[in-house]
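Okay, so chain A shows up in both of these, paired with chain B first and chain C after.
This part shows the complex of A and B:
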């Protein structure tokens, strides 16, 4: 740092002190944050460890009772059960953590199944095809979705979506069958539009073309749903599911959780993936187009491979958020600690269990420590996933830098 | 699920029950803030009693922290409060903790009664259930003697309703969950299929929206959307969840709501606490109990407790 020789030494001294002070403050803040994160991990670990020490006590906790199916009263075969809060005088406590881990991962998986295709499709479209004006409106709107509190999303899912789907199950299924191919078909039709129409509705605004189709398909589905139910499912889809597939439709189920949580994690996946895709150096895109590649080819052969790690890290960040999300699962899932693969059954996640049970668990007790063990698992998982995603992203940033510099 | 939000609020916030600042008061008038920590089932009751207390004694106000029954014993032991409302009896180790510190056990006052009601959707034809059937619907181990678990409505009643039974209940570690487990499941465990809701109002709302659902909730949470189910004894006698039956002690799933107070033996309560307990154990206080949908205590129970505390007898 070279200072102008004309500046008086006092002012220079003041400025240097100020700089040093700011550096020290920022460093201290950074170290403080890191220390706090580590402290959380250490606190959880310290609180959890006594679980395994005091294994001589009556509720025996070890890796076996936590993770393997156990023989419980009233069951002929070993099962997994999470019923940790039995009082001493009556009943045996059951500490199978696996149903909670299963529920957490199942909810996150369904959220990703719903969010990833939509978010990545939207990201690719808005980064490469969309007109700048539409994109400038769409992006902030989608990012605003991220600011929606989980309680609100959970409330809507639990009290509006779940009862609606409960009544209109057939319509929901029909929509699921009709919407994706219908919308793809609509997209195909757009390509075959007359040149006159095409000129009035340029590529960048093609998304608007789908809106009337969406309404049309919805109308078609609601007309078709009762007919389909009558023809194929003997007039009662729910009974048919139960009899033919052995699936029990629970009012609050994994699909509803997945939809609500997919809605919640979609914006963050979209935002990060969009950044990664639009951050691909212009020179690459221009080069591809100069060589005669269509936009579609550019997307698949150039942009996606270059931005791949960034897209992957976006999905990982989404997964991290889905695993830790509490209120949505709490309100939309029914909190049944089941271990079934059926998406129509309820589930119970670790985060929701902590939220429901921790306030009433006696501090220092077995139940309390088990919940902290769940917290520790969540912490480790999200910590690893987020760190990995961040490492991938910083690699990508360096790569873009090199590519941009080389041109 | 507005009740979730409400419950969280109960739990998270210090609820200042009423703020009526003192006008000049006479020397004997109790003055000051009465802090209480405990049950959130009783939060509404405490709130209303606090309002009435402030009207009777303008210098008094009640401060209520309703973060669950489990929070009362530690607060009593630590001395942060002298009055702890609890919707379940204090456990032995909680009592021992208190006794170790003070040398005498906390005094329990029964202040109201509550009952659990099994509810179904209002279009569900089910009107009564035997105890083993109830156990077979909700429990994992069937300790009350049922042969097999009941999962379908068709194995319970003839016609009127089809499909799988969807059981709903409160979250583990709540007093309601614990009482139902002890009484209805014979100390057994719940099936994992039982949906757990963070409040009785949420259970009722869930049952009201699903004709295949069955659930249990506090008596004061009944709505027109659900229908209470009577319990059938082995000899066929029906127990309906009606306030009169609960007061007589005929209805099996009843519990006492208590105030635990830190009162050394042989001493009497300090002014503020005394005024509060006096109100609670009076016909006026009990009418608030009824207004809120709980069950008021019989007069002789009130009298007995008043005598024991050295409060003046109720005039009749």
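This part shows the complex of A and C:
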């Protein structure tokens, strides 16, 4: 480099050739790597096509047998069944994809039911109310929560939470009833506090000083739970569920899966929603406050409409993650391919089916290709959802930019 | 910015409305859940190694049992509580658990003479040590029995170590050469000699027999060679217990699993995880950086590049199991099958590369984490001010020189962050591994003293899969639970440390180069 001004033409020529070569290599390598990653979709599609092509395979597979109820031996009416027969067992294989799709969507739906309120509440609080110092600490903490491996969450859900809820179903339900009013009560009490005490417990740090309050509510619930169970459900919630609602309580059920997966997807929804909410130009927020709106009114009437698409895309990305999550569903659901709407039944998702069955399936066989079809569905679904979310997000960023708030 | 709501506490007090509190509560609840999970793992995982006191429970009807208290739950029919004891002695009782109704307990005692033996078969023994019968027919009884047992166990451990060393370092490589038909005469002799030495050592092990008695008076004769360790937890002081605890944690980290993954340590799983992740980062770093440099520095920045960028970003959101399917179909059945046909036809139909293995697993995970590295590196590249590049070019540097001397060094922390995030993600992924090469029990680690030293085709053990396997394919889940907790804690700790490093690096990077310009 230091000889640059006086370098002989040969050397310059060498440097330029090297540069051109390197650029070509980088281009080829870069395109190659990107193509390799993109090849996944192509591979799956190519492997799935012969499924509908060849007509010699038994059992015959077409769109009808996959998605519509079929007549099977031993059933009087047409039903949906996913029952791949293992080669050594013999017997008829039943390949109706609908139970798997249903299980996947049901698990994802329950996960979102749990995760979305938590994540959006947390995002709203940390974008508008929380003190900056706490927020700077909270975001990495929730990122750590996101990094929690699925197998650990699945283990805790399947082997700790499920047996616990099996015994303490009433307590779980009481917690659900007690917590929201309990938090509102905390707000009411806080407003009645003296100014001095209130300054010591600022709203910006509520996330921390509410923790002991939650503990207190937990204690209250565990005291109330047996009483509630005795008053409303004749002392046995599960028997009541079975008799009056006809719901059978499976040990590992959709609710458990939803709770575990809600825990797993909540941080990613939170992170994206918080980005969208806090990216809203300051001028809008300050304008609303100058006109006398409270922070909550500002959030509801100004920030949320502006950031709405971003929040929606956060939920979409959360849904994409929930649909594809494997280990949690595998460990926390009973892996029974049922098609019931009851949240207390087990389920079997596409991802879990692939993980269990694919190593056993003969490569190139019908079962193998069907599992690849499931993988293709997962791929297409998540890819489309994520692309949509990404497009929405980049539009939103440009909109914020136009509104003048450089975030 | 000073928070405006703090300037007017009065309005904030009355005006925020109740919903704000639900929002605050959801933050608190999320934090509580996270703390609960980590606390549970830490307490159960670490508590397992604590040598807790052994209780002798005398029931009202005079029966006695000895065991460690596990938990206490209310009786299913309403009143009273019952307690679960882990009593060991599977060979005598056919079970290692005992439920005891609290109302039926007459007395609970902690006599200091109780011993807990860890055995190779049948698991734990809990009871009293009556005597040691030596080979020569001598009988050691009374006070000195315990000391004699400790001395013998130390000698036994030394014997076992030397046999293990012989097996691993001398015999196994020779056997492999013999199987391959390459062994020379000298090597055959060496093998015979080594095997003779092992037999000699085995014969030299103290062949004493322990006479044991359970608390309810049943006798048992136990060959000493089967005993791995003996403890008298009730006679130990706190310091001694802490030392034992530390030693047990170390054994957990450094030993292999026993009893169908429900006991013993996780060393092969740790080793497998680390080796796989290292291989993966060797694959992913150059390719990820290459793709990022191409996208950000070389490619024409147009609509197509933007779409490709979005596509790459989205691939990070594609479920990991889909990558596993790709790995199985393309790497294992596709490339691996052909490799077998071409190079390993002699060993067909048993596959060499045509089945899951270390190489395919790390390649699959490299593909899975490629988007993470590309995105992180691109962010780092986008953060570098354009003036730096222009300056380098103005001074006469070619594009390659500008990249290698100016841009890439500045982007190094970003690349490092990307690789660490990739490693953290890969270390926790289990689902794709189930398809491309993880094993529930791999007796041989993929790295050893035999040529070619690194065995890319072998299956390997993985911490995450170890958790899944022990939790769902083990016989007695209750007995395996403490170990699963400990393994889960280990996995979470590894991932937390990796993530914290990444967060720290990123923070460092931001404070050096300012925030990312949004495109």
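We adopt the following convention: the second predicted complex is superposed on the first by the 360 of 407 C-alpha atoms of A that agree within 3 Å, B and C clash if a C-alpha of one lies under 4 Å from a C-alpha of the other, contacts with A are read in each partner's own complex, and residues count from 1 in each chain.
By definition in this document, a contact is a pair of C-beta atoms (placed from the backbone, for glycine too) under 8 Å apart; a residue touches a chain by one contact, two chains touch by 3 or more.
From a predicted model like this one, the values you see are computed outputs, not experimental measurements.
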* Joint occupancy of chain A by chain B and chain C, clash or fit -> clash
* Identify the partner contact of A:179: answer first if only chain B is touched, second if only chain C is, both if each is, neither if none is. => second
* Regarding the shared-chain residue A:351, is it in contact with chain B (first), chain C (second), both, or neither? -> second
* Asked: Which partner does A:321 contact after superposing on A: first (chain B), second (chain C), both, neither?
  -> second
* Just chain B (first), just chain C (second), both, or neither: which does A:163 touch? -> first
* First, second, both or neither for A:250, with chain B first and chain C second -> first
* Asked: With the two structures laid over each other on chain A, which partner does A:155 touch: chain B (first), chain C (second), both, or neither?
  -> both
* What is the contact status of A:379 with respect to chain B (first) and chain C (second): first, second, both, or neither? -> second
* To do: Decide which partner touches more residues of chain A, taking chain B and chain C as the two options.
  => C
* After lining up the shared chain so the two structures overlap, which partner does A:371 touch, if you call chain B first and chain C second: first, second, both or neither? -> second
* Asked: Once the shared chain is lined up, is A:15 touching chain B (first), chain C (second), both, or neither of them?
  -> second
* To do: Please state which segment of chain C collides with chain B in the superposed model; the candidates are 3-11, 111-119 or 165-173.
  => 165-173
* Asked: Which parts of chain A are in contact with chain B and also with chain C?
  -> 151, 155, 158-159, 330-331, 359
* Structure fact -> chain A partner, complex, touching residues on chain C are 1, 3-6, 9-34, 37, 40-41, 73, 287-288, 290-291, 293-295, 297-299, 308, 310-315, 317-326, 328-330, 333, 356, 367, 370-371, 395-401, 405, 424-425, 427-431, 434-435, 464-465, 467-468, 471-472, 477, 481, 484, 488, 491-492, 495-496, 499-500, 503, 518
* Within the complex, which stretch of chain A touches chain C? -> 1, 4-5, 15-16, 18-19, 22-23, 26-27, 29-31, 33-34, 36-40, 43-44, 47, 117-122, 124-126, 129-132, 138, 140-145, 147-156, 158-160, 167, 179-180, 183-184, 186-188, 190-191, 195, 198-199, 202-204, 206-208, 210-211, 213-214, 263, 266-267, 270, 289, 294-297, 317, 320-321, 323-327, 330-331, 351, 354-355, 358-359, 363, 371-372, 375, 378-379, 382-383, 386-387, 390-391, 394, 397, 401, 407
* Complex contact set, residues of chain B against chain A -> 1, 4-5, 11, 67-70, 91, 139-143, 162-164, 166, 171-174, 178, 181-182, 187-190, 192-198, 205-206, 209-210, 213
* Asked: Across the complex, what residues on chain A touch chain B?
  -> 72-75, 81-87, 89-92, 94, 99, 151, 155, 158-159, 163, 166, 238-239, 242, 248, 250-252, 330-331, 334-338, 346, 348, 356-357, 359-362, 367
